[in-house]
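In what comes next, subunit A is part of two complexes: it sits with subunit B in the first one and with subunit C in the second one.
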Partner chain A sequence: MSDVNTAMVQKYRNDFLKEVEENVEEGHWVKMCMQCGVCSGSCPFGPDWAHPPQEIFMMIRAGKRDEVLTTESMWMCTSCYNCIVRCPRELPITHIMHGLANYAHRLGIAPKMNPTRRFSIIFWNNITKTGRVNELALSLKLYFMDGFMSGIKNAMAMASVGIGMLKTKRLNPFALINHKGVKNPKQLHVLLKKAREIEDRRKGIAS
Partner chain B sequence: MSETKTAAYICKGCGIGDRLDTEQLAKIAESEGKCSLVRRHDFLCNADGVNTIRNDVDSEGVTHVVIAACSRRAKTDAFGFDDVALGRANLREGVIWVRPDTEEARETTQEMADDYLRMACAEIQYMKQPEANQNAGANKHILVVGGGVSGMTAAIEASKAGYGVLLVEKTGQLGGWAVKLHKRVPDREPFADPQDTGASDLIKSVDHDKNITVFLHSSITRTSGAPGQFSIDISAESGETVTENVGSIIQASGFSNYDANQLPELGYGKSPDVVDQAGLEQLAKQAADGPIKRPSDGKEVESVVFVQCAGQRSDKAGHLPYCSGHCCNTSIKQAMYFKDSNPNVDTMVMYDDLRTPGNGEDFYRSAQRKGVIFTKGKTQQVSPINGQLEVKFHDMILGEEAVATADLVVLATGQVANSGVDIEQTTTLDVEDEGAESELPAEDNTSAVEVPVESILNLTYRQGVDLPHLRHGFSDSHFICFPYETRRSGIYTCGPVRRPMDIAQTMEDATGAALKAIQAVENAVLGRAAHPRSGDLSFPTFRREGCTQCKRCTVECPFGAIDEDEQRYPVFHESRCRRCGTCMGACPVRVISFENYSVDTVGQQVKTVDMPDEFDEKPRILVLACENDAYPALDMAAQQGLEYSPFVRIVPVRCLGSVNTIWITDALNSGYDGVMLMGCKKGDDYQCHFVKGSELAHYRMSKIDDTLQQLQLEPERVETHEVEITDIQRVPRLINEYAAKIEEIGMNPFKGF
Partner chain C sequence: MAKKEYSFYPGCSSERKASASNYMVSVNAMCEKLDIKLNEIPDWNCCGASIGYAEGGELPRHVMNARNIALSEQNNPGQDIVATCAACWLGAKETADRLDASEQLLADTKEVLKEAGLDIHLKNEAPIRHMVEVLIEDIGYEGIKQPMVKSLEGIKFAGYVGCQTNRPFGVDGESFENPMYLDKMVETVGGEAITDYERKVTCCGGALAFSEPEKSQKQIKDIIEAAYDQGADMIVTPCPVCQMNVEVYQDQINKHYGTKFNIPVTYYSQLLAVAYGGSAKDAGLDGNIIRAKQLEEIAAK
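Our next item is the complex of A and B:
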């Protein structure tokens, strides 16, 4: 745990807003929101969010650090970009949502069982392993992420699709072991590690 | 003019000749219209046609001219003969364009045209070519009351146009509120930072202007006279009084701050750290771009909350119901005072609706960039706790009660107009005292805000010492159509006395008012009317022997143009008159008239219409239409080819206020089946060009039921409508619906008597 994680945040002061500005991708845009609510109204998942974007921006200004960083709301974003297109103040809302989710995840306080978060972790691990996505491995991992039985169930449900893909040569079962990655994945890992170090240092997150 | 010679000219252009029997029209003009000269012309508004009329006037001695062609609103340049009495029979817009070109319609269309020609002939028989007001004053100086931004701007603008200005300021210093400000909201690109107020430059230009005479420590203790000849007493604090003469007056008396002591729930008075916007300007001036210190202990302010709409936009007792327009921008500016000296100061603006007029949106964005935080919330309470201020509010985005703490709280209170005495309240009392007949019921004027009631102009007018107010204590002026006009001719208002506004709007306003004041003196010198009958030379006169001293005219004149003498006879101030004729409509004994507009000029038109027999099934409906909005709407309906009933006969009137009830009773007595009145919108958001005319007419017509009952007629036989100039589709529909209704009710039984 980092020290920012336990920092005291005063309500309706600028402390948390400043933290967001410094640590969240595109976070410096949050103060520019004029609370018109067009983003919330435009979001296809709007009604399913506990806190739509407009509210999240207000919560940041109100200093509700815990509520913002532990909410599932921004994990609901599907990157349709409707809010960005419509925002009269031209806030990159989609990016801010991802930035917030990422920051919460990096602090280790993002909701553990959030499906989007879990998928993201599986995807990240998959792609960084060889530098290219192993689609078959990714699918299997996803099917079985809630245990063996549900994995079998998921696989059965998708069986006809899988067979169809097999028949039309869109799926190669040997890719599971014979996946082609980038030429030198070791070097990629070094590169990613360095990037993470720089980011952590900048954001004050202890790795 | 010794001898009267009437000539009628019938135009055959624009299809009039094809659709109508002009020969018959010519005969009517000759026999019934008593025109000694009747000419028909193929194209009357061309050079040849106009020259024909010109020659007849010059060489044949024609004094009265009837032009039977298009609407009186069309071809006014070609037919603008200003040396003869002129009547226009509206055969184009009034007849052929609103009737179908069919065989069945031919007869009724011709009847319409015949009647309009008769009416025009009847009208001019009772008309004289007006001669300008002989009592005109010639003073072209302009008095500006108030030495704030609005007053100084008006003075400078009038001076630049070459007019001498007297500038009267109550305090010992020019500049008003502006000199008390640290900086002002920006008025130029990039609208990002507060800028210098510019007040000192304004003061310098006033001081160096040879056309402007400044009276400091002075106020107006008496105003009498009329445009072009006002006489003013300017009294200094020392007691010394000088009398000056001016041609017109600009009242730029500005605003007072709303008294924040009425907001104890917001902590004002409970802690010195709760200030209003003016209080913060003072702190900022002391700090002079350095860190602002709070008043209680001189600690540098680290957090500040701005409470918007403090005591305004609220229907609570004692609060202002309106938005003062400038306060959002002002709070943004004041938040920048803090952010510009130290970006780490927490500044929060608590707003309900943020309204940033002008280029305020850029300014708003700039404040956000600087880190000013905006919270949409309703402040409920501010209380001092442990050396800090606790702000309790409802967060309207998160939908919850919340608390913020701050070192300083700034209340954005509103502007209260310095509009002097609310004469409507004082004069109502007068009227009750003397038992005079005021036709309008006293309005329930329970204004929530008490303003200092010291008269500003001290007018010696019969109707009261100050300009009439409209709503919320602001002086009455139509905010869109005629912004600087007041209900006292030659006196104009500008700046926040008219409506709440900021410096940029005020300067624009003051420039406009200066131009109006210049127009007023120029018109007054020539003995002509000012807006809206600008250039009109006629003025009302009254027959003293017939007057019953009932005082209706003096009470009801919307412009306070009529005073009373000791015997309570009306005293007309021609130069103050706007020529609406409201006095003429009010007069129960019909002794008031204009040379070219009188009870007779309209009454004879009404009577001259050919009244068909009861069994002809041709009803007649009289429409008295206001020439400002209703008549143009009818003309435009005709231009669009909309049709209406051939049974109406439309008479334009200067204002519905000039409609004398005798016209209505005469019309019904002589067999009209219905009377329609069309005037402008009335009420607080009136469109009446004479402010009160339409309202008075509606009130008078609501009383006409008694008369109808006496005549044993249905109340539906008289209808009053509010019509806007844009009601082009609606006006013909109104007429047709009314015609159908009349058909239902049946014919007027008085026909043929």
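Our next item is the complex of A and C:
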């Protein structure tokens, strides 16, 4: 993965804005930011961003490539879309943040242990396996992502939630065995593989 | 023949023994009384939700939604696609918008779907809609009132609209900062709505309730506290993620903050199902972890 990163550094040299415009979802909007800061002030997790969106936009223009792509900031996005509806220039900020996070992840330089990055991967693998969310597998995978002992601890901490969901029939206790997805998951995998190939080709990322 | 008919995208959480299975039960009861027929999109798949972005990227995410739209066009031609889940609605609508705006993205998506013998036209001029839009726009408040046999009088509701039913698309004629439709729905069936509920559109943390539990629970605490502050008996919401996050973490929040939260979190469809004479079971009230006793009492009358 770091090879892809090196290749991108060489390709764009010091023009990080161009790199973002060409490779990040909705990245062509970045230069439209007028630094008003409404996005940063509107974000529910705003204080937890080392660099709030407004700052990220300026950092991109200032060529601060490493700082932007390795920060945990974008991973604080809850997808609440507050920034989008309030932005006076109507920048699709949520999508740009997702796009930056995805790009950093694909380059292999996103923060490895960031919990939202890890959860996002678990989630995508969960839904694409059968085509529909397996909620039991999703929770278990999340609790046990740091190994068995911490998994037991997490599961115990969440026991009251799980029992509540089971009692009200909102969780299938046998989902590891009898979870149903789409009729032909293999065909869905073919579609997603092809989609990824096309996307990588368009963005110049060799997988 | 049913008065209204739609192509229905139920989504993962609405399935039997899934986290919003009781939402689905109440939607079925509600739609029966309103003479709404929901034709499920055969073999639909997950929308990818928002949180799928890191691994999913752009085109794979759109392909997930495009497959559903293609299946709907093929099997339920000409019918509006209706979703009950905020994330499903957002995901499908966003994909339709993006494909409509980019010839390249549409061509790529078509190329991918061909592998499964599917095609997407987007010629279906009917938009992708949320169930609350169907209620407000197609049925109307007068129509919502029609099947009513019981009033929800005496119950005070904090209408928690949340994020994704409200942003970025929202409902026509409503503001992002203070949407009124949920309050109007409550009042239509006789309940008391706290129209100036402060946390009406505050984010519950969404999927980050899993990955950043402390930060999310702080949000949830604010949402519940404001409901109590304004004297709410229960919270009502149109979103399965909002419902779950605000309901199931109350124990943990109590432990962490020393609060004594124990407030029911219901769906608009549960309110309507009860007002239409449904039993507690018809309204999926047996699916609420914190029981909505006042609604159950009205349902039992």
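Basically, the second predicted complex is superposed on the first by the 195 of 207 C-alpha atoms of A that agree within 3 Å, B and C clash if a C-alpha of one lies under 4 Å from a C-alpha of the other, contacts with A are read in each partner's own complex, and residues count from 1 in each chain.
Here is the rule we use: a contact is a pair of C-beta atoms (placed from the backbone, for glycine too) under 8 Å apart; a residue touches a chain by one contact, two chains touch by 3 or more.
Owing to the predicted nature of the structure, the values given are computational and were not obtained by experimental measurement.
In the superposed model, A:R117 lies in contact with subunit C only, and not with subunit B. In the superposition on chain A, contact is made by A:M59 with subunit B only, not with subunit C.
More residues of subunit A are in touch with C than with the other of subunit B and subunit C.
By the document's definition of touching, of the two partners only subunit B reaches A:K31; subunit C does not.
Of the two partner chains placed around the shared chain by superposition, subunit B is the only one that A:L17 touches, whereas subunit C remains out of contact. Shared interface residues of subunit A, touching subunit B in one complex and subunit C in the other, do not exist.
Across the complex, subunit A meets subunit B through its residues 10-14, 17, 31-32, 34-35, 54-55, 58-59, 61-62, 89. Put simply, subunit B touches subunit A in their complex at residues 303, 346, 348, 354, 364-365, 368-369, 371, 373-376, 395, 397-398, 402-405. Residue ranges on subunit C touching subunit A, taken from their complex, read 12-13, 15-22, 43-46, 48-60, 62-64, 67, 108-109, 111-113, 115-116, 163-164, 167-168, 170, 176, 202-203, 205-208, 210-212, 215-216, 219, 248-249, 251-252, 286-289. Every residue of subunit A that touches subunit C in the complex is listed here, in rising order: 25, 44-45, 48, 76, 78-82, 84-86, 92, 94, 98-99, 101-102, 105-106, 110, 115-121, 123-125, 127, 131-133, 135, 142, 157, 160-161, 164-165, 167-172, 175, 180-183, 187-188, 190-192, 194-196, 198-199, 202.
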